[in-house]
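Each structure below is given as structure tokens.
What follows is a pair of complexes built around chain A, which joins chain B in one and chain C in the other.
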Partner chain A sequence: MAKRLLQGNEAVLLGAVKAGATYFAGYPISPSSEILMAASVYAAKHPEFRFLQAEDEIASANAIIGASLAGAKSFTATSGPGFSLMQEAIGYAHKLGVPTVFVDVQRVGPATGMPTMPGQGDILQTRYGSSGDYTSIVFYPSSVAECYEYTIQAFNCAEESQSPVVLLSDAFLGHLNEIVDLDTIDVPIVPRTLEPLASGHTRLFSGVATYPDGEPATADADEFIRQYEEAKERRLEVAERYAFYEYGWNKDAETLVIAFGITRRIAQPLAPHFALFRPIRIWPVLQDQLREIAPRYKRLIVIEGSDGQYASVVERVLYRDVHRVPLLGGRMSLEAVREGLDRIGLLPRDLAEATVS
Partner chain B sequence: MTERAIVIDGVGGQGVRVIGNTMATLLGAMGYEVTLLYDYDSSVRGGMSEAFLKYSDQPIANPVVEHADVTLRLADRGPNHLESDYVVCDIGLAKPGERAEEIPFLELGVKHFGRDLFGNMIALGRLLRLANVSFDEAALAAALPAKYRVENIAAVRYGYELTPDQIRQIVPEEAAGRFASRYAEAVLAGTDPNAAIERAGQHAAA
Partner chain C sequence: MSYKDKLKTELFPTIWCPGCGIGLIMTQLAMVMDDLGLDKTNTVIVTGIGCTGRMGAYMQFDSVYTLHGRTLPVAEAIKTVRPELNVIVVSGDGDLTSIGGNHLLHAIRRNPSITVLCNNNEIYGLTGGQTGPTTPVGTKTVSSPEGATFSPVNLQGLVNTNGNAFYAKTTVYHQGQMRRAIKEAIEWPGFAFVDITSQCIENNGRRIGFPSANEMLNYYKKEYRQAPPGSTQLAYHQLGIVKGKPAEAEPVAVGAGSKNGSGEA
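Then we have the complex of A and B:
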């Protein structure tokens, strides 16, 4: 396949197909709808790929869980308010250990908010959105080629960890078109790990705490903890093999910028003045890498499309203060970055005077 | 080469995406690295719709354009902080102090191709010329939607082949024609001739 112009949302669909997905269920919502549209077009031409436009996001999320339990690699795509509606189902998928992929193309929230404007305010929702304790695995690409690559990795990781995995994107990344050659991206595909229905023995799909034989374990703390620890250990162990990040720019600088998704792209003109740490695996947080890299720098700045969600995570991991440059209201621009840096007194002089493009 | 940045500034329904996608596809076919980012309001018709296009022979990091080499302005709804070295726009959309050329794209679309929407293809042609993108009919045919492809290609070619002299001649001719028809309408409706002159002038600039 030659180079071609491809949109981030379309790249997600192509990555899912490459990973072996055969089932999509979803409900249209900006700025993720192109994934649903591309899935419907693909399904019309490939009968082995099943497509469901459900009545809402709750049904979509439960449909992909059912499809996965029945034997299909499955996924859905949504945005902020839809992702909120999916949280109960996500908890259910964690409880059952269902490999499936949730794509969240972030916009400005809360609620309906600014439906077509880019945001990054679902960082904590991807970790803590459902009830109880569970171990989230979340990836966040920052280019069209990476949308393809990390969609495949999300499916692979879901299979290996036997858990739902979230792929984050944002309105700008989802609607970004770039020239890509997908043939140059070679990610081995992890085969299906969960046996399909009708495999010869009874399985119980209950959200209730149960013993392996299906009897309720609703008052047995030891059994609950055993199952929880087993699932946590498996997911953390698998996630370690997917510890993707970028560390670069001016590594000898005094200040480390942390940015991800589209903000990493917008912040590129800062490169001569700052070092960069870009987490691609958002959850589990890249604790070891942050603790190794961050002490080399006098100051840390987190530039993100929320009011300090990831910054608060970095502070907790490193036990130190970080500077915050929140890009709010969909104002994802270098001008907004410069204003934010100026506000905290860390705007390099030549950037203050430069004309941006 | 350094990055070149183009903005297409319009409202929903004007064809901003068609123009942006066609241009990006042509630039990609020429071997450039391209980023094309759509930024639009959730009101589909009448809401702000922007296409940020960058191209270079090197990978492009930041796809958001805040300072454009050229802006094609089909409507004035874009970000207030957007700066542009050169603006090409329909009549009445240039702002004071801008380096700009005004071309009555929509009128030319009606006059030469029968529909105002073809005016946007004329604008695409002009933009291709300003960006020094070579006119490749086969690549253009592949990049444009199938509907009205022949007419669209003809309109793009018309815009591409416009010379500065022609542009200088078109503007007075079209504006004068519009002024004359508005003046006649106003007088026939019983408006005082002096008031009709003023009203026709306002309409011509609108």
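Then we have the complex of A and C:
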């Protein structure tokens, strides 16, 4: 038992190390920079752990792909604009089937936006940010201990699915300090699944559509679909084993609140009045769980740090309207949640009367 | 062993146009690999996008066909994780110096021990013959009907901003010199860049007045001259190798534990 005060971003680094990561590349960007800094400090003391502060996020994203192909469990960490720059490489990693982990500590966008303020506006970017079709796997913890735990799960899932996995965080979660005991978090580690480069093969790791022998398949729909379906099937099958979520609070209430990441923590005072569904695996969307749980409730409210990105997904999955409480411009607070609920006429009376602590 | 063992000859003929210079580079690279004992257990090829990017598919090695412009971060990371491997980047001038220009700038600065072979045909060939960062001023292309406006990128000057780096200029006509340059580049302890002038007859040469690839090769024969021995700077159309001072330690940026190298300056 070793209790300690730990920051969300630092917990990500510790989780990565625990998962067996030996390569980090990144570029400084708020509010994710503590991960880069912690990685550099760790690398200085552990020569087997390699660290690169790259020239930009494009280089970082491509470097972790190269490192993974070479045999290292690898990862990067970034935020909004940097995550946008990484999108092409994420598509490339999907195409190659490379296990690696992208950490996105969300801030308020678009563009440079509000660099130090929390947002959750990358939900759809993690799913559709790169061009073409691919099957994303994304996790979003909501505590420091979970930052550690789901970083390990992200690495495990990347290995099993042989695809890039995204770990979402946000400016509040990344900078949150909590007392944790990491020894109580026991996640078995999935070993490397991809045979490293120069193992005696003559493989072609190609972003271009090619046949197994390396010849271009750039005008062969059947071959494209065969490869696409194979990758999709593997990823969906693996993701099923990582279907993490939380269902709780007042399950007998008439209204179900859906919230994730730091928003679930902010919404905690709603507990007596609402049921809670918190997706931890953001993608693939927890369709079966939502379809099972949601019909028990008269109303659904999605509270999130974007203008309805996840709400629109829930509506699509359930064929049903949901109420929206968007927390925009970094105003991610209980006060903003109250105002949002009041605006749609769903603010419980005793919450309206409570004073802000 | 023969250099042919380095090639997937069963995939021949290649996708490259008749008269293309890339095959001449691949053959010399394969010969050097044979001379130096490079094989699929100790060497990785990294290629970019463009006609040159296809080379990895034709060679008996594990090969990474990267996104456009991203060979260098991929190659550098492979070398970092597996320092014992020979990492050879083969790509075109557009891929390496335009879309990949920022990575080139910083790879030169960090000085990883990788070899870069740049097929410099002064044009975007695969996409149909648009102006590239290496196209000479005045050259008419499909995207510069009045002639290219801007000066070509100074690759020698760029590479030599690092005092430890290796820069070689050669052409596909000068096969012996190209082979020496490739060999010395692979053996160089640090970043080595081989700038290989090469003909693209289909999407450049014919448009600028060459009737055939043979005429382009003869032009290289006539125009390019060996630099005097010991040259530290190659003049326009001079062939040669300019070496910096070999780095004494592993470059600092690829391993934070390292204490020496040019990266700390």
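Heads up, the rule we're going with is that the second predicted complex is superposed on the first by the 356 of 357 C-alpha atoms of A that agree within 3 Å, B and C clash if a C-alpha of one lies under 4 Å from a C-alpha of the other, contacts with A are read in each partner's own complex, and residues count from 1 in each chain.
Keep in mind that, in the parts below, a residue touches a chain if its C-beta (ideal position, glycine included) is under 8 Å from a C-beta of that chain, and two chains touch if they have at least 3 such contacts.
Owing to the predicted nature of the structure, the values given are computational and were not obtained by experimental measurement.
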Combined model on chain A where chain B meets chain C, clash or fit: fit
Partner chain(s) touched by A:179 [first = chain B, second = chain C, both, neither]: first
Partner chain(s) touched by A:246 [first = chain B, second = chain C, both, neither]: neither
Touched partner set for A:40, first chain B, second chain C, both or neither: second
Touched partner set for A:216, first chain B, second chain C, both or neither: second
C-alpha centroid angle, chain C to chain B via chain A, nearest 10°: 110
Which superposed partner A:207 touches (first chain B, second chain C, both, neither): second
Partner chain(s) touched by A:115 [first = chain B, second = chain C, both, neither]: first
Touching partner for A:30 - first (chain B), second (chain C), both, neither: first
First (chain B), second (chain C), both or neither touched by A:268: first
Chain B or chain C, by number of chain A residues touched: C
After superposition on chain A, the shortest CA separation from chain B to chain C (Å): 23
Chain A to chain C touching residues, read off their complex: 22-23, 25, 40, 43-47, 50-56, 58-60, 62-67, 69-72, 74, 88-89, 92, 196-208, 210, 213-216
Complex interface listing, chain B residues touching chain A: 3, 5, 21, 24-25, 28, 32-42, 54, 60-69, 79, 81, 83
Contact set on chain A toward chain B in their complex: 3-5, 30, 114-116, 172, 175-179, 265-269, 332-335, 355-357
Sites on chain C touched by chain A in the complex: 8, 11, 15, 40-44, 46, 49, 53-54, 56-67, 70, 72-78, 80-82, 85, 102-103, 105-106, 253-257
